[in-house]
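In the part that follows, the structures are each spelled out as structure tokens.
Heads up, the next two complexes both have chain A, just with different partners, chain B and then chain C.
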Partner chain A sequence: MRSGDQPERRISRLRNSRLYGATLSLLIPVAPAFSASPETGGTIGLVLTSWRPALYETPGAKEECPSGLQVSEDIQNEKTPGAAERLAKFGFPLNRGPNGELAAYAPMKVEDPIPFRELQTRNGFGLNLDGTSDGHATAKSCTHEKFRTPEGVAADNQLARVLGCTVGWRASGFNVEFAAREFASSSVNRILVEISGVDDERNDPDVEIRIYKGLDGLVATGEGKFLPGTNQRIDNRFPRYMHQTRGKIADGVLTSDPIPLANLPLLWVANPGERKFRDLQLKLKLTDTGAEGIVSGYEDLRIWWNNYSRGMNSHGGIGNYSSAQLYRAAHRYADGYPDPKTGQCTAISAAYKVEAARAMIAHPALAQPSTVTASNDRTKP
Partner chain B sequence: MIWRGILLLAGAWLVPSGAIAAKPDFGGANPPVRVQMTEEGPVFATRQGRTLYSWARDDGTPGKSQCTGEHFTTNRIMAFVFPLPVAAKRRSCAEKWLPLIADKGARTGGAWSLITRDDGKRQWAYAGHPLYSSTKDQRPGDVNGNMERNADQAWRPALAPAGLPAGLKLVRRVEGLAIATADNRLLFRAKAGQGAALPLTPLAAPAIAQSRGDWTVTDSGTGQAQYAFRRDPLFLAPEGISDDAVLQSGEWQLALFKDATPVPPHIRTVMTLVGQAYAAPSGKLLYAFNCNYGPEDLACDDPGDAAVYYSTICGSGEECARQWQPLLADKGARPVGEWTVKDVAYPLFTDATDVTYPAGTPRVKAWAYKGRPVYTFADEEPGEMMGHGMWSLAGFGFYAVQVPGNHETGR
Partner chain C sequence: MSAPVKNWTKPVRAALIAFSCLATVGATGPSSTSGGADPSLRLISVSQYRNILQSVFGADVLPKVRFAPVKRTDGLLAVGSSAAVVTPGVLDPLDSAARAVAERVVDPLHRDTLIPCKPASASSADEACAQRFLSRVGLMLYRRPMTQQELTEKVMLAGKAAARSKDFYSGLATALSSMLVSPNFLFIRENAEVDPARPGQWRLDGYSKASRLSFFLWDSAPDAELLTAASRGDLHTPEGLKRQVERMTASPLLTRGARAFFTDFLALEAYDNVAKDPVIYPAFTQKVAQDAREQILRTIEDHLITRGEDYRDLFTTRRIMLSAPLAGIYGTPLLAGPSEWKPFDLPADSPRAGLLTQIGFLAQYAHPGRSSPTRRGKGIREVLLCQHVPDPPPNVDFSIVEDPNAHFSTARQRLVAHNTDPTCRGCHMMTDPIGLGLEKFDGAGQFRATEKGAAIDTSGNLDGAAFTDAIGLGRALRDNPTLKSCISNRLYAFGVGRPLTEQESEVVEQFPAVLDKSGYRFKDMLRLVIFSPSFFAIKPQKGPAMALLTEQNHAH
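Now for the complex of A and B:
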């Protein structure tokens, strides 16, 4: 079944099927998060399969990190006077704060002796979130440096300056690979994108885009790809992860309008949490089997650090970075949504490279795919 | 065809006793225990009602207890040796987990045996597992000792036979203790006058099965014997229909061995990414501190344990008190189910290099879940889950208090 099928056609087919009688009693009455779509035209369903920080990387990081990569929390601790005394006093090697705090939970209580290695390239990935070409301050942004994308477009992605010289977040690093695997394996991360009102999948000046949290798993192939066309149910228990905007498709590339405020669920290195974006935008190149592109917005720093620092990430030695430095860098580079009182920006522009597979997005009010199976059909012998 | 499959299953239930045991069989032994009903089901307990546990670590050393009175001062993690915090005041395993010591007249039999501890005392064991009670348990029915997050080191309540037909077990769900098959298929009973729109498969009983206690054997209507629990015939979801779908149909309800006890009226339940969790009246999630550390992976979240386990996460006593605020109990608040009211030190400590609950620290009356004080996280807004998993790799931290039986694995 083509993912461009209209909901009415799906209902019609369901009604005509012999499964309908058995299925009807199992439908869940759900108050829809949105009103029924008035859109005509086809629908494209996508399920995100990959989510990685969009970093510009060259071999050996020589171009973007000429002063080298960050050193781990372990090394920072060893070089900080009093390491042995702290260990004897508190019993744990990385309890570096005056009360034995982990730096992840009290980053401003810890000073690192080895300086932060700054990202020093103008090349990068992302979207132009503030609409400026030079990064001057606006009502919703602080002064910052822009990146230049491979297409020659000015882009905002200050998070890349925070993470870009950290080996754990660069390609094949522990954090990025761990997070990539769990992004696919955990249904916490199941993010669905439904594009409706599609008259032409190559060019359509006005489509509707809805984002949901999904419930179901992905089906991987032997090559590490994910099968398109799987059923993906909307997890209607979480209206806070449902968002809606409009967009356009030009030459097969979907560009969304900004979503003013969007929470997304994200299991991040074994740590269930969420991210809070302002002005969330999608730019996805659509293919017959899925999509790939950029998801970008201003990430609320309070939520980002909380999600980032908990659990396994509380020990920066794992990803070869220092929590104290990372926290400071994130606030130093913050470029979105200045606090009206202090002028300090409270959010940071962030871009993620995402991949998606086409999917059949099942709305709760239509059907529960897990119950629509052949063995439900009692008319069969 | 369906019946054939179910009968095959039923064949596995045939046991000499006729499959149903109403009371535990001590086999001639005289352990100083009684059976106590808890939220986890019937458990063996001391005569005073303290739940008894076994320890996974003992499984590897049959006839020997790993939980001793040794006071360790260091902890080895792989090749590294670390000093234990406030080792001079650290209690031993046997001081936190009290062995069920046998007296001179102890008589073994059946599943009940004795082991000899390192200090020469004899300790009761059930099914080969040495038994202990937990200092965390305060009232008959408490099962507060099994909230560790490291399953490999788990302390398990010593479950007593629940009188179920062989092949069935109890599963904790939000609704209570549900009866399920050994392969985790839930059992259902029809709601009054319903069940016809979504017929399920009767739970077949073997031909020799007899009625006993709450369990009866009825005729399913086709000549096949069917189990009933408290007079309600029991059913299974047929292949291809999930248990959740059965419940969502509205035709059926779970066959509950025991209803869940209520929670205090002002405690809310909210949906989170880790499943249903408890929340304060404000909507903020409730968190409990969970700590296990040391060579014995010993609980370190009791009053008088090292303060650094907390300060690692939240800093000074003052800052911890700002971040983690106990859910205060109203005057006259009374325990409800697994919820109790405790005197909680606030702040928990004054010196991060000493212990919690130091003398002279103010106390507040606060709610506790399974013996652990519950807190809201000050920097979180309702709907957020910022405090969950604020932990150290060493094995301690704060976690959302999840509604039992409704945990999402995130996997």
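Now for the complex of A and C:
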């Protein structure tokens, strides 16, 4: 059983921390409502250790990318008439716009001669964000094709159509490995998940789920995994990264209710970024040492692109993709939250495969000294 | 004027008054000083070497230095150091370290702070300035004033080296480095003198008493005030001695002395080599290992120094010091950064309480891949109870426990099978009934409810005191009379830096009679040691009082 501290003190603490966070973040919107006290019952603490786009991959990409993988922006540039003149005039091969615009910053100014390689499989990973089985338009979604998960469930993950045929984002690709390393090494990315009110870790119809930004590092093991059971403090400076929802555990799988709006801190190529998700949901298979599964939601397209393009603005050759094509594809496949005036969807369904290690989550205002009980002292050697 | 004693507990105060009287009048009987020991000569430790240099020159001149391992004798390295020598293989790195320190002391960054004068010319010798500097540091490094002959030799050495290099500071560094490899620095050499107050008796001279006090209480050389007290003869009077002891035990430096003693007493240097199989115990990282060792010292520091609690309660206390890397193994979140330490109260239903259940102890006395009731029992017997457990014979038959068809689930089952061999049973009976009490902690000190799916029976007894679990074992140890005599003996031996004489053993045997009433508070224990009639007692020396002659020649 978790011994929660006094509700009054917690409310006061959260108010104070919000004020502090608001001061820090100036005009950034305030955090969503956050209830005062965690529930009683068992608590499972998790720290995310891995965050990768959830892509369906077959050997040689033959099933999902039958027309091949994307080519790099360098090749697109070489095949675009006038490459040598542009280089002479603007000094950098990716300054491909008519006035030397960098493709990452002005993707609509650039035309690629080699067409975008479309993802063509119906198999994929993700969660059903719009609640439909066929992807028809709803009040919060545009018409789109659904994927079918290995469990046979319809799922939304249009970001997979944007990235799925890019070698850099596929297994062992440069982008995905770079991002994974950065995710683990920088505490900017430290995302904590606390599941409380857990009466049975295998089956519990109602649990509380909280998300925090953490402060501490991960401890790597010699096998490239991350140590479970490490101490992880909540970064109390950022209440905007604290989110709360409810969920259930069935056969050891945690499924959350959607969080209407969730900002998450994600570093990308050394650029501290903040990603904005609507209807963020978690589906995590819980284990003795951690969890693995899917985090999915409608990702704000403008923020996603800003974050993405800032990090990779001159790396189109390494990542084997074209900024112009990526930008266009993301907008073409966008399926969430249509603009009421234009009808253009402003968000894209995105599913990420995540891994997590169990963690001891330390609450900033938790009265010290705290307590440990026989039941939560580590019980397995 | 008598020293302030109002904060001493009543029994200790009474005992100290009695001891002081005995020491002053040279009483006979069990507490007689007539059977004192010879003055000791012992090698300083690495920590003492570093502490002295830090106090004389500051932390930024400290070199990296390692001494040759000292043989643990009578349970203490401090006793082994009285038989330690400096071999050429050890002297070379010490010489390199000395040169490095000397160069840093005289370099442009430090010379204006550390050298109290400026030479008439930086490119030539300056006898007066060299003498001023060398006599000052000599007092601190040798823990006594340099003799006139010693000082003259060092000033000449500095002068010759300055003339050769045409650099005053280089000359000074040469002289300083030679002092840093001198036996007068590297060895704590005690000097005896005839006791003018007691015809026919000898005593340690004032500076030797000062060194004994400071290395005992501060793990370092005497400070200026203590040296001044020594020069005035204050340490030969009960009042002067009490005044200094009171000052020193009230100093924050006492923590350093306590850490040095418990590092030695608990053999914590061995904890530096604890290694666990990372496949079996992935949580036992290098950082956890380091913090587990440090946790023991910090808990002791908190318990004995900060809060002035009873030593015996270290084995039952639920208050520990905790770091973030350890928090995971203790199964609790901790609001602390990666290098912070916080006091932490284990709750009443925790399976842990006391030093025996700290990860450091549990992991040290275990195998790399599994627990070991035998090692844990042996550790308790040998370290905490000062008892000797014989090593196993070379031809131990492990065939019973290594039988793959045996299906032993728990350590108790394996040991019961092993102990059917009568040659093994004798020693295992000394260790296993104790160590099995800690079996709910695996080889890395992590709690476990079962072993290979089987329930773990942690019942046992310690010298007749039955217990059912680790907390009960801690209580049994706390109340074991041998625990008290062991710490008393070790503390005394650490203070004098040699094995106890027969008379000293008799004196120390009286400690529990006092401390049982007052409680085994560290400062009270230190006072009992220092004010015991034997602590500074020296047996009559043969020949003339050379030490006294030497002291008369001290340069001033």
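As a working rule, the second predicted complex is superposed on the first by the 325 of 381 C-alpha atoms of A that agree within 3 Å, B and C clash if a C-alpha of one lies under 4 Å from a C-alpha of the other, contacts with A are read in each partner's own complex, and residues count from 1 in each chain.
Rule of thumb we're sticking to: a contact is a pair of C-beta atoms (placed from the backbone, for glycine too) under 8 Å apart; a residue touches a chain by one contact, two chains touch by 3 or more.
None of the values given here were measured: they were computed from a predicted structure.
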Requested in this report: Could you look at A:Asp279 and tell me whether it touches chain B, chain C, both or neither (first, second, both, neither)?
Outcome: neither
Query raised in the report: Touching A:Glu299 in the superposition: chain B (first), chain C (second), both, neither?
Result: neither
Requested in this report: Go through the superposed model and pick first if A:Glu101 touches only chain B, second if only chain C, both, or neither.
Outcome: first
Report task. Would you sort A:Leu267 into first (chain B), second (chain C), both or neither based on which partner it touches? Result -> first
**Report entry** Touched partner set for A:Lys109, first chain B, second chain C, both or neither
**Finding:** first
Query raised in the report: Can A:Val188 be said to touch chain B (first), chain C (second), both, or neither?
Result: first
Query raised in the report: Now for A:Pro93: first (chain B), second (chain C), both, or neither, which partner does it touch?
Result: first
Report task. Examine A:Arg240 and indicate which partner it touches, taking first as chain B and second as chain C; both and neither are also allowed. Result -> first
**Report entry** Per-residue contact with chain A, leading partner among chain C and chain B
**Finding:** B
Requested in this report: Using the superposition described at the top, list the residues of chain A that contact chain B and also contact chain C.
Outcome: 368, 370-371, 373-374, 376, 378
**Report entry** Residues of chain C touching chain A in the complex
**Finding:** 278, 280-283, 285, 287, 319, 324-325, 327-338, 342-347, 349-352, 442-444, 446-449
Report summary line: chain A contacts chain B in the complex at 22, 25-26, 28, 87-93, 95, 97-102, 105-106, 109, 185-188, 237-238, 240, 265, 267, 271-274, 302-303, 306, 310-312, 314-315, 368, 370-371, 373-376, 378
Report summary line: Note: in the complex, chain A contacts chain C through residues 45, 215-217, 219, 221-222, 227-233, 359-364, 366, 368-374, 376-381
Query - For the chain B and chain A complex, residues of the former touching the latter - result: 75, 80, 82-85, 197-199, 238-242, 244-245, 248-249, 251, 271, 273-274, 306, 308, 311-316, 319, 352-353, 379, 383-386, 388-394, 408, 410-411
